[in-house]
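Let me begin by presenting the structure, written as structure tokens, before commenting on it.
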Amino acid sequence: MAATIRRIAVNTGGGDAPGLNAVIRAVALAGARRGWEVFGIRHGYLGLFQEDGLIRLDVDRVEGITNTGGTILGANNRGNPFRLVTEQGVIEDGSARLVDRFSELGFDALIAIGGDGSLSIVKQLYDRYQFPVVGVPKTIDNDLDATEYTFGFDTAVSTATDALDKLQPTAQSHDRVMVVEVMGRYAGWIGLHAGIAGAADVILLPEIPFSMEAVSQKIMEREAGGRHYSIVVVAEGAAPLGGQVLGKEQETGRNVLLGGIAEQVAAGITAHTGKETRHLVLGHLQRGGQPTAFDRLLSLRFGAAAVRLIAAGDFGKMVALTDHGIRAVSLEEATNRMRRVPLDSDVLQTARDLGICLGD
Amino acid sequence: MAATIRRIAVNTGGGDAPGLNAVIRAVALAGARRGWEVFGIRHGYLGLFQEDGLIRLDVDRVEGITNTGGTILGANNRGNPFRLVTEQGVIEDGSARLVDRFSELGFDALIAIGGDGSLSIVKQLYDRYQFPVVGVPKTIDNDLDATEYTFGFDTAVSTATDALDKLQPTAQSHDRVMVVEVMGRYAGWIGLHAGIAGAADVILLPEIPFSMEAVSQKIMEREAGGRHYSIVVVAEGAAPLGGQVLGKEQETGRNVLLGGIAEQVAAGITAHTGKETRHLVLGHLQRGGQPTAFDRLLSLRFGAAAVRLIAAGDFGKMVALTDHGIRAVSLEEATNRMRRVPLDSDVLQTARDLGICLGD
Amino acid sequence: MAATIRRIAVNTGGGDAPGLNAVIRAVALAGARRGWEVFGIRHGYLGLFQEDGLIRLDVDRVEGITNTGGTILGANNRGNPFRLVTEQGVIEDGSARLVDRFSELGFDALIAIGGDGSLSIVKQLYDRYQFPVVGVPKTIDNDLDATEYTFGFDTAVSTATDALDKLQPTAQSHDRVMVVEVMGRYAGWIGLHAGIAGAADVILLPEIPFSMEAVSQKIMEREAGGRHYSIVVVAEGAAPLGGQVLGKEQETGRNVLLGGIAEQVAAGITAHTGKETRHLVLGHLQRGGQPTAFDRLLSLRFGAAAVRLIAAGDFGKMVALTDHGIRAVSLEEATNRMRRVPLDSDVLQTARDLGICLGD
Amino acid sequence: MAATIRRIAVNTGGGDAPGLNAVIRAVALAGARRGWEVFGIRHGYLGLFQEDGLIRLDVDRVEGITNTGGTILGANNRGNPFRLVTEQGVIEDGSARLVDRFSELGFDALIAIGGDGSLSIVKQLYDRYQFPVVGVPKTIDNDLDATEYTFGFDTAVSTATDALDKLQPTAQSHDRVMVVEVMGRYAGWIGLHAGIAGAADVILLPEIPFSMEAVSQKIMEREAGGRHYSIVVVAEGAAPLGGQVLGKEQETGRNVLLGGIAEQVAAGITAHTGKETRHLVLGHLQRGGQPTAFDRLLSLRFGAAAVRLIAAGDFGKMVALTDHGIRAVSLEEATNRMRRVPLDSDVLQTARDLGICLGD
């Protein structure tokens, strides 16, 4: 049954993902078209209690932001309303206060754009208070089972692929081994997609524990075939079989704290093959920048669909993409299951068919 | 049942689509990994009968081509083998000769990368001769019902969106109306996706006959709201209700052949609104260039999957993408149905929610 | 002698050029740093007489605009103050009124960003009234003799070169001749630079009248050498020897008005060589979009230098770039001489050394 | 006096720089046009003594490489011919042998593309043996006094600026301080140009020793002004006044070897301001990728000009760019003086005018 909606709010939580502003714009325009007032809540939920915490998102305010990175609302992970930390350092439940405040301000519904953590919070609000909320998934790692794609992922893959494109010719002409670290703590989608698209020789993922022997063997095989260079893509969450990378320093018994996984893998390759190896951590480059056309469209579809759900009074849901279009899934289903790279995925099989070493 | 494969061929037909070389590379590498000899047939089927018509696609030959545009095999639409034109100008059926020649050259299977036309030909070869063929769909317009995406489409949308990004600030600061023509003769996917992602104000598609009144009204509404500029995206196959654009020249009775649809729409806008209007035809820019990461991955998955089908002896099929991965569909199903933008698509609904005029 | 400056204004005139906003930002920040109030005049000089015609350019207002296209001040060619058109259609001299109004509003100096036309106007204002003005050159064609580079040019060349990069592989694999029209009405710098950087086979410039015979011969030579494709870059101001392109239609006596020069050259090539030929007009794509790093830096240097000139009371000058840095030239010198491609330029010689046909 | 030239060679030395292949192509085409045979020497000078050490650079071989990164000749720093290391580990002078071998192979002249080291070697060859050589400068850092620009620099600046563009919105919306390390061991051109173009708040260069106090004060001033984010660009060769960055670890007396300068500066900022700070090292991304249009043109001009010098018998020279075009300078002059950022440069002044902190 359709609710009578007059005023809605939208907020964003967690790390950056290209497309956030496009979601916000779609919410603002699709709301305006229905005659609603639309407000953005700044800094997570804190904005509800701050003087300048609300931004009126009229049509002018959201002009020209489809293709921008960042979020015009700011983002902020502080403040799980169920576990607020008071000035005295005591943890208390502020959820009822939040729900009341939301009503007091005249809001009829909330669109919450966020990752696993943020969506779990709104799920609790919905479960306990029938809080009128619709979720929009945000995870640059694309690791949510309920949706085929999340926005920001395509941009991150593009940025990582561009980086590989830049490194390839130098590696080839200057006989280099380069190890490139990409995002992906629990799921290796970015590394897998960018690694294949960027013609990497080795791709190491959280889903497949790797052995330095397998990696080094691949590099030496290429060497034997006259290819004195290799590109290794490693997801930040990749880990060696048994948990240890054997770098030169460790072999000689020196107790050295190496940096991230890319640095460790680079040291391991040098130790095993004797080849000079460089590493590069792409880091925040992957989270930033203008969203790709793909991510913009997905963001706009998500935002518009969230507004349609609110118009229909269909709360407690999250918008998701399938190959038949946008659908609504319950927040229950949405926050339930992570999507890691399945070992029988045709994408993994493609990597193997291309001769890419997956470290196993 | 798996066939014994030793030597395969791959060819490409029809217009350019970014990702062709990535498909070829995947076929070459996935074939090499199985110990097969892989050859490319140049210039469609003609290459089978020409001295230099076959290129051995060994691992070195396909190095570094994942991110390149064009096709290393060349392309050529001449020569439907069922309707060859002899030097005397007589049309004859050369299909049996083609099938024989293919065998003589020792080929066990063909991977045919092509659009509707090319796939219809291999379907006939398969139907009549049980010709051992697997198809890979190629249509930059993404208008094939059997697959969620085809390669090249994402690149075309990106190129068109980039163009809109370039035009927006000039239009805004210099009070311009700009009409941009994009590809899409029968289906408006490129215009729809790029138009939404590029924040167009009007999008005209083959699926929705437009009226110049609706278009002009949108521009005048914006004008009244202080926005003295507008961006109009028009698919090359868009057509006005009743089949005529009323431009100034036609109103004054002069008999002038205007150019493409963009030029006509621009003239119509000027006639209706008095605003100076420019048009731009993106043309071949959309077919060229380096494929996006998305298109590269899709192309590589298609190529590798086609090789797996051949290895399984599963001929007469085409590879296709669903949200559950790559699957095989019959060539019958593949060539059967075009995918136009459904009028109930959530993407169309998104456009309307954003306030975009669709000309109706 | 340094003037006492408290409040300055900046305006932009003429067509778009990527980097305008960066100039404005530099003016605003460099002014703020000196404690000045900085205002932007909207819509050319009209803004001085309109209620909302002035924008306070404080530090917040110019944040984040370095890399944006367009101009936050809007642009507008109406209103040469020396030749204002009254509502009765009479032309009158409004220059004294402009100068008075400027004073009334408390402005101590003006930074005028503009092309030949705009700079001529401020030169007259300076000559007649000792109007306190400094000019910043704006011509995307880079055709000003007093400065090595103008902003926007590098971006235009990059955009045109990208287009050629996109077209090359398609042309090559699909045996196409493509004619690409770029900006350059009087000077061929964009066509020359982009054509060389984008590996064109023929480049036609305003400076060198071309013959269709020479162009066609080049294409046929390539054909004979097994290269069945060619890329022709033509500046909008290029013209044939004797003033006429002989296309097929004209040969057969039909009286057809062909479109722009690209279309004419394409028709001419088809007429001479029989090869199917496509044309593409890049148009406004070249004026828009984010400025390149080169153009941003140049714009910021120009803006900051203009402020330094004002601080020094050094009016009646224009900022210009030499290989020894920014210098000031008199507006006299600035507006005096156009820079066309010299026939003894090493860039032209480079084109010939690369085997590029220049149409002569 | 012009020499009779029939066969020339070209080699590349040192690290990668986008544009190398464009130089090679220009040499090949400009040589071919004069009827010369042109060969590339692989792997520095070693190629002269190896079976597969020479590549015939005919027109086909250099097709399509203008816009590619890397070098088709490979690169290799081993082998200063004046200080060859024998298998017995003895250092000996192989220069006479090199000169003889060069003659034996029938070469009339060499074009040496290289940095300071490589050019010093050819200068010695020229001085001692009148070796017929022309140099083309290659330093991505643009730190050669004799030429206004070197190729690769504009591409490196573009890549670094793109990275800053990506980081800016995330920093702003997520309240981050980010430290980005760019190339520039002795001269800070890349950091200065990219930092200004990318709207950095702090730029640290080798030319200006910095104090952590100044850097931190700038960040706290921004904080006080409501800007809870900052972007710091640091050249790899930047160094603190007195030689030490005071990071938290060092203050607490722990003896920790921090990584590169970016990591040290980030730690220092956290120590001084308490703000969470991330760092990113762009590294090899800056050396790779497709050259910008600017760099392609410069490379092609250099290559063509080098051939013209050889044709004129004008050996012992290096090609260089001035604002009046390409000129030849003596290798003496070329290798004599490094170009660091002059403290009175208008570019530095621009940075200060924009409010950028230079660490002093």
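First chain written, first letter: the chains are A, B, C and D, and each begins at residue 1.
Convention: contacts are C-beta pairs under 8 Å (C-beta built on N, C-alpha and C of every residue); 3 or more make two chains touch, one makes a residue touch a chain.
Because the structure is predicted, anything quoted here is derived from the model rather than measured.
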Joint neighbours of chain C and chain B, given as chain labels: none
Most remote chain, CA-based centroid, reference being chain D: B
Geometric centre distance via CA averages, chain D-chain A, whole Å: 35
Could you grab the centroid distance between chain C and chain D? Build each centroid from C-alpha atoms only and quote it in angstrom. 30
Hey, how far is the Cα centre of chain B from the one of chain D, in Å? 41
Identify all positions of chain A at which a residue touches two or more other chains, and write them in rising order. 165, 168, 172
Given the complex with chain C, which residues does chain B contribute to the contact? 15-16, 20, 68-76, 159, 162-163, 165-170, 172-176, 178, 259, 278, 280-281, 283-285, 287-289
Residue ranges of chain A in contact with chain B within the complex: 25-26, 29-30, 32-33, 64, 66-67, 148, 154, 157-158, 160-161, 165, 168, 172, 193-194, 196-199, 292-294, 296-297, 300-301, 304-305, 307-308, 322-323, 325-326, 345-347, 349-350, 352-355
